[in-house]
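Working notes for the structure below.
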């Protein structure tokens, strides 16, 4: 099955599913709030560069789009958060990988290695937060929710990888914690065919709005600078 | 596209994806631990009976399978947890729905209504826990993790609905919290075509083992009763 | 040692401690924000009425003060939350008491009993939240943080019992989660001599502002009704 | 009031309070479990060395006692966790201090500074976890609970500073999360008179067992090495 055939098949399913969802009252719009933050999930070298078990596709599109979002976010001085996933202890019975290495190759994500550093094409600036998380969600076992609430954030704009794990789980937790999740369609990626499409479909049906980057940039452009 | 055509198309994608995942070190087996609990997600009438916005498919298979799992779990006296999703305040600006009613029809899940009661074909017994959660995950904003740790549980056997929301999010949180998630393939369901398949595929690749019910029943049958 | 002698001795210690704290930069003022909620901790009959293991002192002052705070809060339509502590399973190895019954007599707090119902002198109204928590903090294992964030609350006004456990732990979690905690001095209580004083001292030094009720009522009176 | 007079006055109160607590069923013993971890709270230079706003008293006793506990813990290969409190951004509106700098001088705890490094007299070894937390509790906004559960820990032995904030809040969260907290009386400290005594009293009444170091060392000595 070619990539086009796959996408066509999935679009057919999504159309049928959407008819049911809309009749049932799912796929509502949560919309943008007044005080956003930009959250870039796992755009570290292990995901953005070739040759790692975690390497993702599509970075030639994602990285420039995240650059545009970062520029807009910095101009409006909204909080910017990066996550990476990194482990201090990758051997023995007392690892901070917990149980996750029994499902995925977490052991290659060593704290302090180049692999887990944020890609320098979108390098963090002083004042940004870089959170080294241990699990899929940017909220799970981190200070992210408390940080965002103290900054009176009500909306999280989400980019990064992977859509089938960390991006999706972050979106699920964001709405659960009381933040409006906006996932930027052309700024998220993954590593195997199909998973971007079906996870964005599920997210948009139930957890957050999946929006094109132009809509997000227009929203950021319209923000004022008062009270930030 | 017929149901058979959809499944065939998805199986083709999954085979291609699995080849990549296995070469990269994903899709590992987490396996069963020594002290399981049974977690039944949202098998309340809104999901298990016809006529609700949340009604799911396949209950003629799921309910009997959950009955078999419950019988095995009760025989070995392992902890049994049911969840439902229910809201006290479904109007006005201060609702316990939080932001979720901006994506899904949460307002039909009124606390105290028949819709949010556990289906009486699989009724809770004295000594079971019934958790009225507010979000997708059975762990988010509930005492589940603390309860399971105090009971020294290391494995959670997961059934229920829906695979694309509450079951999946519970599985993601379970491994994050340090429990081995086992999702019972023939005891979980959803309401639109395709989502059961692709979410079980994602779960099995990254968050928990998706296992046939016979394997799970065999495991429960082999447990001893010491220290429970 | 009489009650007056105890208070005098404690005041002497607090004065000496405060000198050190202020020189070091502790005991700062967090202040009131713009969007408060009122959180009443465990003002259920087990705490407010005589004859229970959990019975507290001072309810002849606390209850009328909470009535005044409730009236002011209802007038300004701010979110109102009550907590109680209640358990479904108080026997056997799989209790929702977790490990807490190994320190305190949690087994008398049976869900559904009159003991764990909110005192009817300060009865909840439709639209209020009543959270049955399992642990000391109103935030731990509950949906409180997500609820407050979704309602864009930035300040929590805290009353209830006990200062040495649930009130204090709620205050610690409130600031950690990004909410400004204000503890109402004449609306909190406990059951043994001294603990109110030293816990309010610790709270005010490090976690939240302890304020007289008149200051809190004046603040509520000054709130406008816009955007609530 | 001299230090002796203060302690005598507090002992008088504690005796009166204990009579009430024991009659009511508080001050129970939680006891040691089978799989402990050692958690050293904020024994970084800001707390253990002179000249910092956070400097504590009693390190001439605490540090040697923690050395003894570490030696015993390493011999039995139990998990060892250190925490420190450190902030990446200590200026501007988007700080990871959240709201805490409005109560305490959190701004002196800069990530990467010598102040927030663990005291080298009790230096972490490869395989230990060092968690840079943002809040008082070692559990709040960290992966500690998930890590401990994945390692099947059931008991946490707690040392460090300060008793009136981070040690106490960690103990409260530990029992809430399902771990048996044991606070080592001669291995915890604080910076102002009285607070060690009244917080250990409250902890022992309600949240965890406060035990002399000899009891803890004897327990560790009796552990076998199987399954660690």
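Letters are used for the chains, namely A, B, C and D, taken in the order the chains are written, and counting of residues starts over at 1 for each.
Assume a contact is a pair of C-beta atoms (placed from the backbone, for glycine too) under 8 Å apart; a residue touches a chain by one contact, two chains touch by 3 or more.
What you see is a predicted model; the values in this text were computed from it and never measured.
Rotation angle relating subunit B to subunit C: 180°, from a CA superposition, given to the nearest 5.
Distance between chain centres (mean CA atoms), subunit B to subunit D: 37 Å. Averaged C-alpha coordinates put the centre of subunit A at 24 Å from the centre of subunit B.
Within subunit A, contacts with two or more other chains are made by residues 98-99, 135, 140-141, 145-147, 149-151, 176, 178-179. Under the stated contact rule, the graph of chain-to-chain touches is complete, every pair of chains being in contact.
Residue ranges on subunit C touching subunit A, taken from their complex, read 145-152, 154, 176-179.
Note for the complex: subunit C touches subunit B at residues 79, 88-89, 92-94, 96, 98-99, 126-130, 133-135, 140-147, 149-151, 228. The residues of subunit A lying in touch with subunit B in their complex are 1, 6, 9, 12-13, 16-17, 20-21, 24-31, 53-54, 98-105, 135-137, 140-141, 164-165, 169, 172-173, 175-176, 178-180, 191-195, 198-199, 202, 205-208.
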